[in-house]
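Heads up, there are several structures right after this.
Each of the next two complexes has chain A plus one other chain: chain B in the first, chain C in the second.
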Partner chain A sequence: MTAIIIEDLKKMYKDVKALDGLNLNVPEGRIYGFLGPNGAGKSTTIMSMLGIVRPNSGRIELLGKEVFNDGFSEGNLVKAKERIGYMPEHATLWDFLTPLQTLDIIGLAYRIPKMERAKRARELLEMVDLWEDRNRKVGKFSKGMRQKLLLVQALINDPDLLILDEPMNGLDPKGIAEFKEIIRRQKDEGKTVFFSSHILAHVEEVCDTVGVIVRGKLRLEDTIDNIKREFLERGGYVILVETNKPVDFTGTGWKVETRGENRYVIRASSDVRERVYDVVSSQGAKILQMKVRTPSLEEIFLKVVE
Partner chain B sequence: MFWSFELELTHGLRTKKLWIMTAAMLLIYVPTVYLLKTHMGLPTTGGIIGTITGSLSSGVLFFLGVVSIVMGSTLINDDIEKGTVTISLSKPITRHGYYLGRYAGQAVSVLIALLAASAIFLIALRAIGIPVTRDAVVQVLLLTLLLFLAMAQLLALGHLISAFIRSHLASIGAAIGVFFLIYLIIPGVITTVVVIKSIESSANAQTQNLTDNTTVINQPNYADLLQDYYTKYAFYSPTAQVNVILMNTNSHGEYAGIAHAVRKSWINFVLLIVMTAVYSGLTLWRFRRMDLR
Partner chain C sequence: MLWGTKLELKQSLRTKKFIIIVIMMSLLYVPALYGLKKLIAFMSPQNRPMNVAMSSIVSSMKDLTGFFIALLALLLGVMAINASVRKGTMALVMSRPVKRRSYLLQKFLAHTIILTVSVLVSAAVALIGIRYLGFSVRPSFVGDVLLFSMVILLAMIQFLALGYLISTLVRSTSAAVGIAVALFLVMLIVVPLLVQTTAASNAHRLAREKFQNGNAIGNYTLGSNYETYFNHEKNRLMRRYRTYYLFLDPISQVNMLVSNLSEIVYITRINSTFYHAKYNSSLRMYLPDKSRGIVWRSEKEFTMKNGCPSVPPSGLVRVNGTAYYKMVVESCYRQTVYAGVWHSIAVNRRNLILLLIPTFVYLFAAVYRFNSMDLR
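== the complex of A and B ==
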């Protein structure tokens, strides 16, 4: 089964085009990173899936249930949401409740029995180090603490699909480590995680698939390995060489830049290290240093977004 | 629906507004009854209700009304501004269930405040030595329920405002403005028109000499005309409808009770309920189409 299918989704806010025929496909069991520059429509997409924002047209299927087809099916949406956990972008919980009360009332929304709610709340609060603060008002919490509570409230129903909007915002390194651990655990249990983020280093570490949205349209959607391979094949392969005397690379077909004395940056579409060695030694020079630079997701992202 | 009801009720009972509401009602109730007792001996049920309706028109209704409409006027937009609505609606909850549940939660917290005020009022009466008859209890309860219906409608009117105005401060302002309009200005205009009409009609009939307005107001057709005009031109104002109903508690110069008044002005009673459904229906219609971010 596919966890999320979005087809030709369109959304206008008055005169702002936020989604412009978005298509998305998230197979079950994936950790999917949803990337895009500010204002690209990430939050709009996520809120449309949950019915918080009303799209104009298109189709959305969540966990095999058609929740939107040019209009919401409230029944299917409620059924799908039973198995979804959602963490919003902004830290927004009821200030007048404590973490324990918050998790209790949220558990009630899923009709989890009282005893089980209490047990689950304890597990979750301990998991993110909030058990000590269980009886303090959320209104008095720091941003990071709220963020942690927001994350665990999304887990109260042990969701099959976890949807997170910028989950790592405001977390300290320990919080980020806890977060990654939670994501990994979801993956091990075969659950799907869909999350938007700006911190690409983290996305690269946790996700297996990414989608890049630019101005309301999906620009790229693939596994990280495939994306990197393709990027390299399009001339993204970079080799840094330092030699003991000048070398002439004309005629090789590579893009070569000179960086300082006898230092070269070579761009090619495949791993050409052996040929670099041949060219250098054929001119009677010696290689002092040679490095291959693998592109970061960040670099690819910036190229795609341009 | 049950879920958001529970959420709203836990919140509602925590806010101080309702307890201020209870206290303010009592501050006006008890001293007036005490005065009544010391000056005229033991009051009858009619006397007690009369005191309450008197204090209703002299401020309590206004105060309760303002609190209710203001409470209603932030139900939807405040949650959007704070963002808590995104949490609520990401749970397996429908939008109409969410709204109706919260409405019920607010209404029940208002009802609790009203009942608490009435109960304390009756206990206070006994404490100062006024015998509280069964009849008096029933009448006070009926009056409380009538007030509750009016407050429930003002809540719904507040919700309608909160569904159209994004900023919660602006909607509180708008709610107070609307309340002034339907509580003070429109009834004032209608009353003036009715007074003028009565003067004209009695001048036409040439039955008596018109020197001042008191003779007009004492005429039997003045009350009927006023009721008629309130029904036709202030049907959207719950406080106006309550006032019309309370005008009918007497029959042939004697106190006849709230039930009698409701029977006699049943149209106004029906309006009290129907307009609540209209306001909350419109709110729901709008709420279901909104982007909640």
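== the complex of A and C ==
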């Protein structure tokens, strides 16, 4: 089964096109990273899936239930939401409730029995080291603590599909590590995780599939390995060379940029270090320094966004 | 299971919103009780009629107290939706398995419960205060105060629903409060004032037509002078205009609903026995309504005195073989008795409907609007 299917989703905010025919496909059991620059429509996509934002047209299917087809089916949406956990982008919680009260009232929405709610709340709070602070008001929490509580409130109903909007904002490195661990555990249990981010380093490590959204359209959707390979093949291999005198690289077929005195950036589709050496030495020059830069997802991302 | 209601009530308890509203509402009748205390200084402790207490409570709604409950309920509603959308907690709520329409109604129910509790507390304060002032509080009086409180509750619920509508239409909370206050001024102060002025000027016109050059024209019995006639006509027109023009002003409707606390009872007699009278339009006279029993039986043969005109011989008519006196009811057998809030509501049931309809209209519009809103 496919966890999320989005077809030709369109959404306008007044006269701004937020989603412009978005198509998305998230198979079950995947960790899907949803990337895009600020304002690309990541949050709008997520909120549309949950019915928080009302799209103009298109189709959304969640966990095999058609929740939107040019209009919401509230019954299906409610059924789907029973099995979905959602973590909103902004650390918004009820400031005057304690973590225990927050989890209790949210658990009530899923009609979890009282005893089980308490048990689950304890498990979740211990998981993110908030058990000590269980009776403090959330209003007094730091951003990181709120973020952790926001994450576990999404897990209260043991969801089959976890939707996270910029989950790692405001977390310290330890928090990020914990977070990644939790996500991996979800995957081990066969659950689907869909999360948006604009920080690629986060996505690169945990996700197995990535989708890149730019101006309301999906520009790229593939596994990270595939994306990297393809990028390299399209001339994404970068070599930095510094020589002792000017070298002419014309006729090699590479894209060469000059950066400062005798420094060159060579873009090729494969590892051409030996040929670079040949070209340089054939012109009587010497290589002072040569570096290969494997493209990071960041670069690919920026390239796509352009 | 009404999760939205539980959530809202829990929040209201934690933020102390609930208790603040209850405390504010418990002070509702304090000015009226203070006025009543000053009033009964002139009455003997043995004779403190309940209708004095009731009318002082009811009349408190005519002035600032009415505006107070209006603003309280309006402001409670005006921030119900937009504030949590702004803050972001609405996204947290709407990601749960709950339908949008149901959530709005569940939240509305929670606010209605808060208002109900606060209105009941204010009624309890009024009853305790009246007892403390030396009135003997009978069950019928408790019933009347509760019934009056329910009327006030209905008005507050209408303001709450209007607040919800504004809350779904205006995203900025400060703008919504501004609009609510402006609406409040127009609906509750400017328009009623205009209507009142119209009623007065129309009453003046009617009085002028009646009393040209200071003399009454035609057969006129209601008032002997311009002033009395003018006041009578003004009140009559005002009652009419409240129903026809001020149907969006719940405070006007509340005032109408409690405007007939007293009932005019017509009494007629057969020989020395007095019965409630019922007007028979074909005979154009009052006949005894025997189903309601005897009002009073005289020991002696009754003779008209104390300013009541004696029945002229021509006033004796026969209906089904029984002789009746044709009474001059207007001047002699019209009695004003305290009839209670229920009677007043029954007389003005049109205004009860006018109090209910806008509530449903506002609420329906709010649900419709909420259903298509982007809650981000």
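We take it that the second predicted complex is superposed on the first by the 258 of 306 C-alpha atoms of A that agree within 3 Å, B and C clash if a C-alpha of one lies under 4 Å from a C-alpha of the other, contacts with A are read in each partner's own complex, and residues count from 1 in each chain.
To be clear about the criterion, contacts are C-beta pairs under 8 Å (C-beta built on N, C-alpha and C of every residue); 3 or more make two chains touch, one makes a residue touch a chain.
What you are looking at is a predicted structure, and each value in this text was computed from that prediction instead of being measured.
Trainee: Both complexes share chain A, so when I overlay them there, do chain B and chain C fit or clash?
Mentor: After superposition on chain A, which the two structures share, chain B runs into chain C.
Trainee: For A:W94, select first, second, both or neither according to whether it touches chain B, chain C, the two together, or no partner.
Mentor: both
Trainee: According to the stated criteria, A:L288 is in contact with first (chain B), second (chain C), both, or neither; which is it?
Mentor: neither
Trainee: By the touch definition at the top of the document, which applies to A:L302: first (chain B), second (chain C), both, or neither?
Mentor: neither
Trainee: Is A:Y110 in contact with chain B, with chain C, with both, or with neither (first, second, both, neither)?
Mentor: both
Trainee: After the superposition on A, what does A:A177 contact: first (chain B), second (chain C), both or neither?
Mentor: Touch partners of A:A177: none, neither chain B nor chain C.
Trainee: With both complexes superposed on chain A, which partner does A:K79 reach: first (chain B), second (chain C), both or neither?
Mentor: both
Trainee: Please identify the positions on chain A that touch both chain B and chain C, taking each partner from its own complex.
Mentor: On chain A, the overlap between the chain B and chain C contacts is residues 13, 43, 47, 50-54, 74, 77-79, 81-82, 84, 86, 88, 90, 92-94, 96-97, 105-106, 108-110, 153.
Trainee: Please output the residues of chain B touching chain A within their complex, sorted ascending.
Mentor: Listed in rising order, the residues are 3, 6-7, 10-11, 14, 82-95, 289-293.
Trainee: Any idea which chain A residues touch chain B in the complex?
Mentor: Its residues touching chain B are 13, 43, 47, 50-54, 74, 77-79, 81-82, 84, 86, 88, 90, 92-94, 96-97, 105-106, 108-110, 153.
Trainee: List the residues on chain A that touch chain C in their complex, please.
Mentor: 13, 43-44, 47, 50-54, 74-75, 77-79, 81-82, 84, 86, 88, 90, 92-94, 96-97, 101, 105-106, 108-111, 153
Trainee: Could you please specify the touching residues of chain C with respect to chain A in the complex?
Mentor: Within the complex, chain C touches chain A at residues 1, 3, 6-7, 10-11, 14-15, 87-92, 94-101, 372-376.
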